[in-house]
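Letters A, B, C and D mark the chains as written, and numbering starts fresh at 1 in each.
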Amino acid sequence: MHFASDNTSPVPPQVLEALIEVNHGYAMPYGADPTMTDVRDAIRKAFEAPEAAVYLVATGTAANALALACLCPPWATVYCHPQAHIEEDECAAPEFYTGGAKLTLVGGDDARMDPAALERALAFTARAGVHNVQKGALSITNATEAGAVYAPADVAALAAIARAHGLPVHMDGARFANALVSAGCTPAEMTWKAGVDVLSFGGTKNGLMGVEAVVLFDPARAWEFELRRKRGGHLFSKHRYLSAQMAAYLRDDLWLKLAARANDAAARLSTGIAALEGARLLHPTQANAVFAAWPRAGHVRAQAAGAQYYFWPMDQSLEGPGDAALSARLVCSWCTTDDEIDYFLSLLAD
Amino acid sequence: MHFASDNTSPVPPQVLEALIEVNHGYAMPYGADPTMTDVRDAIRKAFEAPEAAVYLVATGTAANALALACLCPPWATVYCHPQAHIEEDECAAPEFYTGGAKLTLVGGDDARMDPAALERALAFTARAGVHNVQKGALSITNATEAGAVYAPADVAALAAIARAHGLPVHMDGARFANALVSAGCTPAEMTWKAGVDVLSFGGTKNGLMGVEAVVLFDPARAWEFELRRKRGGHLFSKHRYLSAQMAAYLRDDLWLKLAARANDAAARLSTGIAALEGARLLHPTQANAVFAAWPRAGHVRAQAAGAQYYFWPMDQSLEGPGDAALSARLVCSWCTTDDEIDYFLSLLAD
Amino acid sequence: MHFASDNTSPVPPQVLEALIEVNHGYAMPYGADPTMTDVRDAIRKAFEAPEAAVYLVATGTAANALALACLCPPWATVYCHPQAHIEEDECAAPEFYTGGAKLTLVGGDDARMDPAALERALAFTARAGVHNVQKGALSITNATEAGAVYAPADVAALAAIARAHGLPVHMDGARFANALVSAGCTPAEMTWKAGVDVLSFGGTKNGLMGVEAVVLFDPARAWEFELRRKRGGHLFSKHRYLSAQMAAYLRDDLWLKLAARANDAAARLSTGIAALEGARLLHPTQANAVFAAWPRAGHVRAQAAGAQYYFWPMDQSLEGPGDAALSARLVCSWCTTDDEIDYFLSLLAD
Amino acid sequence: MHFASDNTSPVPPQVLEALIEVNHGYAMPYGADPTMTDVRDAIRKAFEAPEAAVYLVATGTAANALALACLCPPWATVYCHPQAHIEEDECAAPEFYTGGAKLTLVGGDDARMDPAALERALAFTARAGVHNVQKGALSITNATEAGAVYAPADVAALAAIARAHGLPVHMDGARFANALVSAGCTPAEMTWKAGVDVLSFGGTKNGLMGVEAVVLFDPARAWEFELRRKRGGHLFSKHRYLSAQMAAYLRDDLWLKLAARANDAAARLSTGIAALEGARLLHPTQANAVFAAWPRAGHVRAQAAGAQYYFWPMDQSLEGPGDAALSARLVCSWCTTDDEIDYFLSLLAD
């Protein structure tokens, strides 16, 4: 019963097998390994983007910050949701990599950016010319930090606004596979066909040890990206061990199967909680995370039995009088089992 | 016959086994995995430094740049050798991470910094007060980029000069194990006992997939390091896969055995080349790299047979009249075999 | 009838006379001119702060950004009001000078920060440890961008909260003289006695050509400030021309007299507008700026007669049906005359 | 007898008169003052560059660092002479403003860059691709820090090499007027006709209080420059006081007359010293600075009589046995008189 985060999970056997397989003989370093050619081809094919530039890094923060640095100059601002990982969870990595750009927070339900709010924020930006930061880039997260999913049309609506203001569009896809499976569309439909310029294509949360791809649909900034990656210390010498994991991830749709399993688990969990007396969902469950509140007694029983998850917001406490509902985030992963879920639900219901 | 770099090698079986072993169940992320506790204990014990702060990152550039950023403010300069990796091979990562500090180049034979040259450089620095960059930090590389090794007394001599000017000392130990085996001293003697404050403790070149430790012997800057690591995108969520590799590396002196094997291979290769007619060593072979020149015909034969290595400097060519000697860098690793070496030597001698 | 900004005003004759007086013979550069000694002494005396470090720069943005860079590390955040100059009007200079810190916006009426809102913001910061930016510094503006004034007790209340969280306190005093005259307290009461660590002491808006002092009440960071000033290109070689202006400003309380005149003008203007039918003040008039709304017809008449001021917010228009009130910002300066004001009021009233 | 630096001089009466003249009524801020239009027109006309973008800042460091930041990305390097002001005297301001670029030092006599050395440095740069910093920009100083002058043909030779490698060219013209008068050419011949893209056009050392122009012959980067200037805190609100000084400087060739006077003074001084027994010039005297060595006794007499200048290098001492020559830098300015010089020479000769 471990729902703390999808990043506490192990990796599936295919990933270990790929490491074993690639671990023979010498391989040229820094991305010149032959497996990286396979990865590049596979991603271009999956995204129907034969010109895309594809790079690997090891963390989502690196992927996002490097991507944004290529899109937003130091004197401009990135529009993102207040709950965005780049705002909340990266210790100002985007500010560091961009050389001191700002983040402008644009709200919306379920950590999805509201198009009207984006319009208002853009209208307000740079109204005093050189005295203000300029319009830089749009960054949206799919699936969102609240477990919701932008459909391709949602992405396109925001991207169209960005475009009208001359802004490039970044998608933080740390949970891209979960979003894609949920939306039931193609990778291309979710990204470049909807107006996305650069994608942080997550692998780590969905089953790899620490591998993310950055996909630049327009390769014009590829060389700049390579320089920024090196300069940030994110270019791996023994690159084959990143390539091998990503290759395994893409082979036979493993990435989609892992995400489907995680989403299914979350749906089962969400349905079960919603049916409990005194419980309610805080956000729709569209990907692999459930945000819900239920009475304190259920929390006490679950945690006594060893269940792990975060209160959301974190500053709640099991202690206290009465049986008011406490709210929590529960994240499922590729290895969450139905048995875990059912046992957890039984504890809540008891 | 692959002598291009130690970073083209595979990893030894113990590393893969460690990954397999750690890949079960859930583990808390971001360095809170239990294996990291083992790693921290093992490094503290190996270095006789029970207070040291120990962190893992995935690349040597990250280790160096983060360490230097903790030691050198933006308005100061890092003293390093002109051939230092931080000067030559990191695309200005130290400048990026420090927020724009400078590097002051201090020469010396075999990529070892000359103490007198360091004294001169320090005397010159900041002589015009606020108009100049200030004295920041000393960084030395052991083993050096020319395959030489600082003995503990050599380190102590440089560190004493740095101390006298109030400077902290960083050691780039991308090939620390090779230096240690060569010098035949303890880790403590090579580092904090000789005046080193922060060590980039290399794992990647010596057999890991991409894991380096940063060891801060004085933990006063530990929290700053943690923040800089996160902000640089170098904090791994599924951290156990770094920990497991480093734990295997330290277990049963694997790290020293791997380095000993690489050093022995380089010694065999060096001795063999030095005995050839028309050949000469460019630097003493003290670690796992050989720098040597030999007649063009030998290069032609070796490369025709598939040998891989870099001309050093790189702008030489196999083409051309006569049989002038061409110079090369040959790097051995833990997996270089005597057969490889002997066959290579036979080609040169033919 | 020029109310666009106090920065459109000329300088009083004393300032020109001081330039003429200092313009003879040679003077040592970079702050070593004898007049700077007078300035330092005068500021220390005025602030009852004999240990304070005092420096001159030429712009308010430089003063603020350099001060904040000394107080807030790159991985932390500065708490400021959403209307603060550092947030709204400096094109991310604080982000640039701090090396990529964030600004956390804390609201409150009349551009005064609400203490309860500050407490909430601080409670929210860094709740996830290394993943978040850390608590950096508090920055408040006095007089505020809405023409209001913090009394010493208001400053002390905010500073006490900051202190309790370990934060240093910066005051943007671009209009410090106006605030001081309004509050009727001493410079010490408004600053270090209330908990302010560093003051941007404005001269430009209140009658100088382009001179601001930065006063560090704790001189511990003085050398860092000097290095940052030089490195930012803000250290003047012919420094005597800054010193002379600031010396004249401080002599015989000129700075307070200029501010008193500007405040009196604003009070007269404010009282006049408030008495008009259909008019209302948007903020209390406590310093030298008036924020008010009045019927469109009055705007049409005033602007036809050449009155200059900004609509506030700027995106309003004289055109349009009906006689809805339009809101404006009117800034008075040391050279605003009663005649100007009365004529302007007559146009509105007509 | 004040030869410490041209920045210890006062300003000529025309500059004060211009300040008095412009000090009436209101003027729009931030460069929108009408005098700035005059300045822009005058510089465009003087340089035969009707499209040039022209901006004012207050210090030479700001002019250089802002210009270089527009020309060189963070992952590249600026080629400059080891004695260049940007390397020696700006506390790493270029590194700060570029976001962490490097400076590559290229030697040559009299602080003039040697074209062959530039070729060698360029051939060495980025030979290992992404691992190295890239070629960024060329920066040369005219007149040089050693009092020498590049003729237009010298500039063109270096600029042609830069162009061949795709590099833009910056000229640090802190003493541009002195160079121009010395070379006897037009401003256009010395700059854009010879391949210069951006000029730091000095005013301060040659008679202003603290005003430099940045001239971008290709206005494509004008908006970027404006944003960087604002963000660096170098945009003046009461801009008219910069404009007025620069307008006076350009009117009736005042700038050339001031420089001619300084150059003539240096020539007189240089000729006088060279004729002394035991004296010699260290560099040719081509602008307004003399670098010379003469016997210790002459230094003793001159300094006893109050002469001010720097030993060059600075770490020499009047004390000591014998009458070895000590070397010095002597800088003349627009206000150096023949009487001063002759009296000084008489002290040396005594």
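Note that in this section a contact is a pair of C-beta atoms (placed from the backbone, for glycine too) under 8 Å apart; a residue touches a chain by one contact, two chains touch by 3 or more.
Every value quoted in this text rests on a predicted model; they were computed, and no experiment measured them.
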Numbering shared by both copies at the chain B-chain A contact, with half separating same from different: same
Pair of chains joined by more contacts [C-beta pairs], C-D or A-D: C-D
Distance between chain centroids, defined by C-alpha means - chain A, chain D (Å): 51
Distance between chain centroids, defined by C-alpha means - chain C, chain D (Å): 34
Multi-partner residues of chain C (each touching 2 or more other chains): 74-75, 90-92, 96, 99, 130-131, 227, 230-231, 235
For the chain A and chain D complex, residues of the former touching the latter: 30, 73-75, 99, 130-131, 134, 224, 226-231, 235
In the complex with chain A, residue positions of chain C that touch it: 74-75, 77, 88-92, 95-96, 98-103, 123, 127-128, 130-133, 314-315
Touch list for chain B against partner chain A, complex: 2, 4-5, 7-11, 16, 19-20, 23-29, 57-63, 65-66, 90-93, 96-97, 204-205, 208-210, 227, 230-238, 241-242, 308
